[in-house]
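Two complexes come next, and they have one chain in common, subunit A, joined by subunit B in the first and subunit C in the second.
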Partner chain A sequence: MAHKFPSDEWVKAVRELLNNSDSYQRSAKDWEGDFIFVVEPDEEYADTAYLHLELYHGSSPGAAMVDPDNLPETEYTLNAPFSTWRKVIDGKLDPIQGMMTGQLKLKGNLMKIMRYPKAAQEIVACCAKIPTDW
Partner chain B sequence: MWHFVSPRIVFGESSLSSLEEISMSRALVVTDNNLVQIGLVEPVLDLIKKSGCEVLVFDDVEPDPTLAAVELGKVVANDFQPDWIVGLGGGSPMDTAKAIWVLYERPDLIPAMINPFIKLGLREKSRLITIPTTSGTGAEITWGIVLTDSENNRKMGLGNRENAADIALVDPALASGMPPQLTADTGLDALTHAVEGFICTWHTDITDGLCLNAAREILHYLPTAYEASQSDSPNQERFKLAREKMHNSATSAGMGFGNAMASLAHAIGHVLGSVFHIPHGRAVGVCLPYTIEFAARGEDPSRIADLAGLLGIKGASSKLGGKFAAALRNLSQDIGNPVCLAEVGLDKKNFDDQLEKMVDDAFNDTQIITAPRAPSYQELEQLFQYIYSGQPIDF
Partner chain C sequence: MEKLLVIDLTEKSYKVENIDPEMARGYIGGSGLSARLLYDRIKLDIDPLGPENPLMFMTGPLVGTSMPSAGRCAVSARSPLTGFWGESNTGGFIGPEMRFAGFDGVLINGRADKPCWVSVLDNKVKFHDAAPLWGQDTYQTQDSIKEILADPKARVACIGPAGENLVKMAAIVNDHGRAAGRTGMGAVMGSKNLKAIAFRGSGKVHLADPAGYKEVVGEILQTVKDDLSAQAFQLAGTSGYVDMATMFGDMPAGYYQVGEWEESSNLSGILLAEEHLIRGTSCYRCPIVCGRETRTVKYKVDKVDGPEYETIASFGSLALVDDLEGVIYAGHLCNVYGLDTISTGSTIAMVCDLFDKGILDAEQTGGLEIRFGDVEMSHRLIEMTAKREGFGKLIAEGSAALAAHYGVPEMAATVRNLEIPMHDARSFSGMAPVYALSPRGACHLQGDMYGVDLGMAPATELGIHPGERFENSLEKGQTTARSQSWRSVYNALTVCHFMNPGASKIQRALNAATGWDYSLDELMLSGKRIFSLKRIINHNLGSTIEDDRLPEFMLKGFSTGGYARF
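And now, the complex of A and B:
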């Protein structure tokens, strides 16, 4: 079943795939640090959405679309307009290249994340596997 | 959207003399002590001093430079206040020079914070010149900085587009005296850059031609350059030509892979370097045939077949990956290099003891993310075992 992006079901589906990914578990086995993916408005999407992905030691304990008035504190935020997220999830934009060219904006401890490139790639690979409604 | 970054490149015979034309007042030369001993540094210093420039030499750079060496260099730079930093040597001094430069300009950073996602704002106090004395690393061009975290015995892929050098002086005379082993190791490094720059998932229209031409030239000229390194009369024209072609090709390969990426042979090679201190070029050169075979057995081997075909390897496209790997192994043997880790002289028990750490580290090396076929953790472990024993990849 396809899930709408962005939505609570969509980010929960990412969580489920991550928790079944051997590559993610291996590459992020000592990772600590949650993410909020911020989907910013553009001509294709009028709202701003916040997707919270909890990440701890190779698994994702929880995931939810969260209310802007009640944002949890996370170590990282990754911001991009809706159409940029779509390119990433469709596999048309490598997210690391996207960050290197300022199309996705990452905030948080960059020194730490540089040591986990494979884990970052696996999160995106899981996002790309979810049948998505736009 | 993507960027292509390169210093101004002055290359060819006598290109070193262009140092005289660069107006400098205080130059910090980052190099290694071995190069000072063999007399390669002094002529460079003489050229810099001709314009009345004050020079300080920092030669505390070891192979596989550490975060600590860079921190020490930062202190030296802060004391000396150079307006130019010169990285002179192989990859280690040039990468160290890049890192020292960044930290001198940005005292608020530590080496591990040099990443491609931030604005550095360099060139407020100084600029960077790189001068390679080997024909291999391409570090004179690339903005990547590989440093060793000696606490965790792990190589760290750092760097930012801004820290590519301003000027690269690529003079073949500086590398023409390389001994046989260094000629072979660094030549295989350059070849691996050219091949991986072409096959990696970040390759581009702009980098493909550079990588392809470099691969072709290196396959053709490396055996002669190696022969030159063993010859009593290395000044023969054909030897000089081979040395110059290798020097230029290493730089072209640097422009190619440095603006794309490397791939799996580098991910594994980095680990072999940090754990067993195998020289970088030898490590990646041993791995490359296996990672080519592995990629050629993936869902889409077309990139490997394309490159093999363009390099003149003939046969059915399903067989090209294997033939390409065989040609690479033949080249290694022709220049006296090992084709598996057992031949490198690694003890099997020691290797097995380190295997889990090596697979973990290679799995999170920056160069693995652009592999044309991404290995699972188990496949990566198998790759290590096959590279040790010399068995061609059959999975």
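And now, the complex of A and C:
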């Protein structure tokens, strides 16, 4: 069944895939630090959405689409317009290339994330596996 | 670009020449202008280590100004390592100081009858006896000369024992650990009995349009603040790329024959920062601060310059070494002896491979078992190479010569006799033509398609867009060609490749500094002209289209690792 992006069920599906991914668990075994993915409006999407993904030692304890007035404190936020997220999830834009070229805007401890590029890649790989209704 | 200091070491004399303004405009400076000035002199019959091989130090038109990251200096000659066009460039402060001392470039001819060094202090040139310095390492030499000149702010470019002993991969070292490492320029300097050249000046660089220059430099500085790759280099130096390079398969392992080597993780630049870093260091007016000053407790060295990513990969993963402190110390030994870390590390890794395959054994190496994973052996071999002792004599000739000596030239990871740097072309396909066509032999500074495809070095106004890294297409080839031209401009400007504010800002800075009226198209044409001229020099030196290829074994794919899709 396809999940709408962005939505609560979509980010929960990501969580489930991460928790079943051996390669993610290996590559992120020491990682501590939650993310909020901010989906910004553009010509394809009119709203702003916030997807919270908890990440701890190779697993994802929780995931939810959250209310902008009640955002949890996270170590990282990653912002991009809807169409850019679509390119990333469809595998048409490498997330590192996206960050380096400013298409994805990262806030948080850059040094720490540079130590775990493979974990970031595994998250994107899980996102790409989710049947998505755009 | 006006004043060229021409030194004759044979006669111990010098003169000042004016550079033809049209030539300066057409070839800009750095290695571009050097290629044009040396074109008539670098011929097939000259010995790279003979007095007739001219050695050129050349700055660029933005060097010594407020332009950030534009303090580099190119060094060029016929390479004793490759036999072809040789160029290397170094950061630090030596380039700006040369201009403050009154010269845009220095051409060194002839050969001194005994070791000497030269000081250039505010237009005053003096020859000194280097007998007391001969045998000193590069750090000692720099410190000794500053003491002799009674000026701690003098900038010294010098050779160490490797250059004195004409080791083919000898570097010229300045500002302690900054080096013009590639293509053996240190050996050329050693062949001239020139231990060092020191600069100190109080002059200023003239700008054609100071107000316009200030404006564009302000804009450029602003782009650095927003540049994520610049931030990453500032946080972790070039070594911060280790984890990402491993993931992409860009950082080679086991002499390019191991597809996935997870131990690379132990060489992480983040670990380096957490456990060994003293501070970040920068070149002249550089806000990026990618240099690292580290320490190693295990080897009892309190101050090491580096290691950079290339050094970590050359002495680390390429030789299947995951001992970070051992790698730090290997880099330090190369700095003090005056050796190029890429060529030295790569040649040692090749020897490990020859041992592994049974082509070499201990009988041929004076009893040494040279195996992958043995960093202490690398340390020993570095010293033997610098001193040309025992088996070190063969390593001192470089990978191509060593492999040919044992009848296996196909086993050297070289292009045009220069060791391939630590970006595997199977990870970023654009690097394959970059290496194959690069005028100085395999080189990641003659076009950096790995950086382009990572999004770190795009120049979208010039059609240099990030793309899919495994793409093999006409479009990728065209992007690569544009990247080669653009980086030829950078190498002529002597601007660091980590400074990428956009092509038009570079163009505006160049025009404001010089009064020239370059359009972007014409600037790219200059890049093509420079790139082509260097290849013509190689053609004159006997290079053919047969040299424009990578070793066969480096075109084989792997089933695992970051380049499994190659």
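Definition applied: the second predicted complex is superposed on the first by the 134 of 134 C-alpha atoms of A that agree within 3 Å, B and C clash if a C-alpha of one lies under 4 Å from a C-alpha of the other, contacts with A are read in each partner's own complex, and residues count from 1 in each chain.
Here is the rule we use: a residue touches a chain if its C-beta (ideal position, glycine included) is under 8 Å from a C-beta of that chain, and two chains touch if they have at least 3 such contacts.
Since the structure is predicted, the reported quantities are computational estimates derived from the model, not experimental observations.
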Clash-or-fit label for the pair subunit B, subunit C on subunit A: clash
With the two structures laid over each other on chain A, which partner does A:M99 touch: subunit B (first), subunit C (second), both, or neither? both
Under the stated touch criterion, which partner chain does A:A2 make contact with: subunit B (first), subunit C (second), both, or neither? neither
Which of subunit B and subunit C A:S23 touches, first, second, both or neither: first
First, second, both or neither for A:Y116, with subunit B first and subunit C second: both
Once the structures are superposed on A, label A:L71 by its partner contacts, choosing first (subunit B), second (subunit C), both or neither. neither
With chain A superposed, which of the segments 205-213, 439-447 or 511-519 in subunit C collides sterically with subunit B? 439-447
Going through subunit A, the residues touched by subunit B and also by subunit C turn out to be 94, 96-97, 99-101, 106, 110-111, 114-118, 121
Residues of subunit B touching subunit A in the complex: 1-3, 112-113, 115-118, 156-158, 161, 201-202, 360, 363-366, 368-369, 374, 376-377
Note: in the complex, subunit A contacts subunit B through residues 22-23, 26-27, 29, 94, 96-97, 99-101, 103, 106, 110-111, 114-119, 121
Partner subunit C, residues of subunit A touching it in the complex: 94, 96-102, 106, 110-112, 114-118, 121
Contacts from subunit C onto subunit A in the complex sit at residues 226, 228-229, 231-232, 235-236, 240, 243-244, 247, 268-270, 273, 453-456, 458, 466, 469
